[in-house]
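Before any comments, here is the structure.
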């Protein structure tokens, strides 16, 4: 950490800050500049809490050099993480993986139809939501455990591993029983208790970026999971909230190569939630793979116009098959 | 809902949209304009899910007239809600209420000292966190149930009701046993399961605005609680995330009079989390009351420089006493 | 426009709003719903100013159906615009065009070297800034007209048309004399006087998106230029300002296919300013083309480590040649 | 500046960075930490351009300690600036000043009526726009020089100094002839040429914050003006662009006490543009003064329902008189 002092800070103020640093068991190393003094803080193992320093007299700001994550950082762990879900492998150097299926599980028939459609088109993993977070209390809230069973049956029939969201710790046992990947939704990215619990399980985790989470917070959330012993974490960019309302969210695609540079965890992209517009999903899927995404998560519904949730951003089975055909050409171009 | 069609939409496309609306059990009422046709949707009770309409051929956009909340709306329920916490009442026409105390409960001694300090200065409610959401896994995570007991004891000794955050449903029984108000933190504003559970309890709820929640989402979150039968909800503005980083968050004070106009629920302000800067807390506390806030939530720590959390935004006991003295003059000016 | 009334709006309030609409020379068409009345506004040619209606008693909100642009809209003008710059053509169905060169013109030698490098690698247009907007007054501000001459000479020598930013109306004659494309920078996207003046010229215009401009505002800015008679406008996405600071801006790539759908103007992408990170420029260039961009604007500097401006986001000549080699493979995949 | 190196940066990489720093004429001072090395940069006079350093191998980030402003900083110039406009003085320790009038000048009669109304209610400065920046080209664009004359006449008749926006350098002579304060609008906050030109004049300048400008950029823009020799600058907070659309902009009131702490320039607030909602203007005006604003800029129109611009956020004459009555009580409370 670097503590920046006022231009007019007194020697006494500088000395007080040094003392406060030393009281934290750290060393203070003043760096006198032509305009002001800065004080380097040495000896810390990881992130330093600046809250007791920041408001001392003469302090302008505290600048962090260490990050609130380390285990997920490529700087400390250069080797890429490969996440394994049954026969499917996700990570650096491997062909991108497509997870597809409906936003929410509505019936057994719908899941079986969805599974067949996405399997036939070439998807490797089946998705479907049994527990749904919805903005208003009067919307469809998901089928719960019954839905999990439909998902599992559909996955088994099609020979596809399945991923589904877990929203609460109490759901964790059920979700672990029926699903292959535990998805943490954007709204729960900083539900730290939930992160710790999934960190204690052995299932791979799909962690979605919170809609107003910075890259640093995103990686720190993953750190919670890895710190508990579960290193099988897949990150997922799904759009952030900005002033622009023409798309549902703003897909932050530049984060993909940046995460590849900063972390060893695989990063996939969800163009369906990011854009919220069906017509943009195929083109942004391709852009995501070119940007370096290790996979995609795409909403597909056999009959989007009858979907109970997010129909407008779901591809039809036909649309998805067309996309998968196009992706196959793209993968060839990309060398897979 | 109003469905806006393309300038060049065909009669056939318009007819298809009408049919889709009718399939939802609603009436479609076309409004031909000089540039394009729009289709009014009538007959709905509340918010309409547009996702099956939005991507039909010829549709430009779906515009919502109904809101995803109704019970918390002043339009439907003009009478103000008064929240009662023991002898303390919060709401329209009543003197603003001050909740104060440390960010996190660190020890029994610290809580007792805090309670004495804030009581002596005139606070009506004691705050303190037993379960702490922290960005990184390596920070102090709170004392848990042990902390709740300290909080209760400190509140009882000082004769102050207490408020504390509940982060998970499993904590709810404990928190209900020891606390008078259940706080839902900003990160959990859209933890809908948790909202529903607190909606089934009889404790008043303090609902903090999510850091990237719109006014509409904020009110829809409160609707979840009220819809379960618990109408004793206090809203709390605590700053939103913007591009500006000079303050921890951007305090959105204009939302206060706007919420007073749109909802019958009381709205308070937390200037400590909003600004993150101790020196700004007193002045923004006063601005909040002038903007119409029904109360304040202020972080106070007997020794901020030793706080385990958020020391830089906590007032000292002395600073808080000064603030309360100033507020007393302000309240007189405001007519209380 | 649709005017949404309060649930509890009186007949008298509804009648007053109707009168206010009629006073604007428009027709009011009430649409009674089960929860509230809405009032359709008919007869307008284009965007309606709602400011006199919005605050009338009983009005909740005014919802716009017409957009503040029409000439640039594909809905009204389905044919794609092809922008012609000497022998170079930009627009739908044509191979994407690459504009490259240094952020700022520093010397004749630097421009000649840059032109040779980007020409050899295959760029079609040379860029370079003579007038530089800089955040602080103590940074390098550009060479002015002298720089324009260097740019022209370098372009002529290499056989490349040139593009450069015009910041003020008084610079317009000079810029028109020496440049082939007039660039309007992000900070001037809503400098409406400047937009109108370039609209009166016959030079093609490159209009960069303002860093906090919505899609609607971006297209409305282009409308200013086209409305004056100059239809040769190229739009340029260059990143928007969000809470995320890991990249210089957030590249909003989804806007590219959306603009292709909504407007007939070509849209290119500037990955250098969007990301601010050299290592991300090549990968995001490729993602942009896959997303449908009609071209790229890339910063290239013969010696980035000596650049007077934006060195960290500039490719070296070698780096640019590598990128162009990769793009050539990508264009083949894309069918050009 | 502090340069943060990778955990795994080699000695050679560190040495290269040191050399690059020295090539800039500065000293490099390595600070070895337990996790990584950081390199302090000493010897700079003001802000250091990091663009040639940021992308060197092994560099993680460059952290700025110096700010891109100095003349406007309280750290270097502790004495408050008092801006004088005829008999009116604005700044620390003085009663807040109210500037009021219509958004745009529509006719001589309208300006004379406005001037009488705001004078009678107690405003000290008259505002009115002759040159209007409008989002779309089909809206009313202002009366130009003719409007300036109406403004001057109205101000003279009422005995009020006048403020009006200058949008282009060519308008500067005219605006200086007729106005007492030169307003730089939000869209022009980074129109650096314009800033420099008004910096060469002797008229006081009212600088509005750009709608996506950080505090640092806002102060750096003021630095442009002061650096040219004109120290009579009034800052104006007028709301920033965020995801929240319930108000026109988000009024960032916390910036007021923060600017008072960081700069010696006066800071006023424009609640009309910030909220865009007439009913919020009075309450946010009061909150602004309590937050420490040195003044207010309020839109007042004799007949808002007939205004050509921004009617919905304009107070009526009567509404303004009521507000001024309330402010008079507030000023007494504030000790003026």
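Read from first to last, the chains carry the letters A, B, C and D; within each, the first residue is number 1.
The definition used in the following text is that contacts are C-beta pairs under 8 Å (C-beta built on N, C-alpha and C of every residue); 3 or more make two chains touch, one makes a residue touch a chain.
Everything numeric here is computed off the predicted structure, so don't read it as measured data.
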- So which has more C-beta pairs touching, B-D or A-D? B-D
- Relative to chain D, the most remote chain by C-alpha centroid is chain A
- Note on the structure: Rounded to the nearest Å, the gap separating the Cα centres of chain C and chain D is 26
- CA centre of chain A versus CA centre of chain D: separation in Å? 38
- Compute the distance, rounded to whole Å, between the mean C-alpha positions of chain B and chain D. 31
- Item | Touching two or more other chains - residue numbers and ranges from chain D | 46, 212, 241-243, 245, 277, 279
- Task: Show which residues of chain C lie in contact with chain D when the two form their complex.
- Result: 20, 46-47, 49-56, 68-69, 133-139, 141, 167-170, 187-188, 190-193, 195-196, 211-212, 217, 220, 223-224, 227, 241, 277-279, 304-307, 309-313
- Message: For the complex, give me every residue of chain C touching chain A.
- Response: 212, 214-216, 240, 242-247, 250-255, 257-258, 261, 274-275, 277, 279-280, 283-284, 286-288, 290-292, 329-330, 333
- Query: Along chain B, where are the residues that touch chain C in the complex?
  - Reply: 2, 4, 6-8, 29, 31-36, 38, 40, 42-46, 60, 63, 65-66, 73, 75-76, 78, 241-243, 245
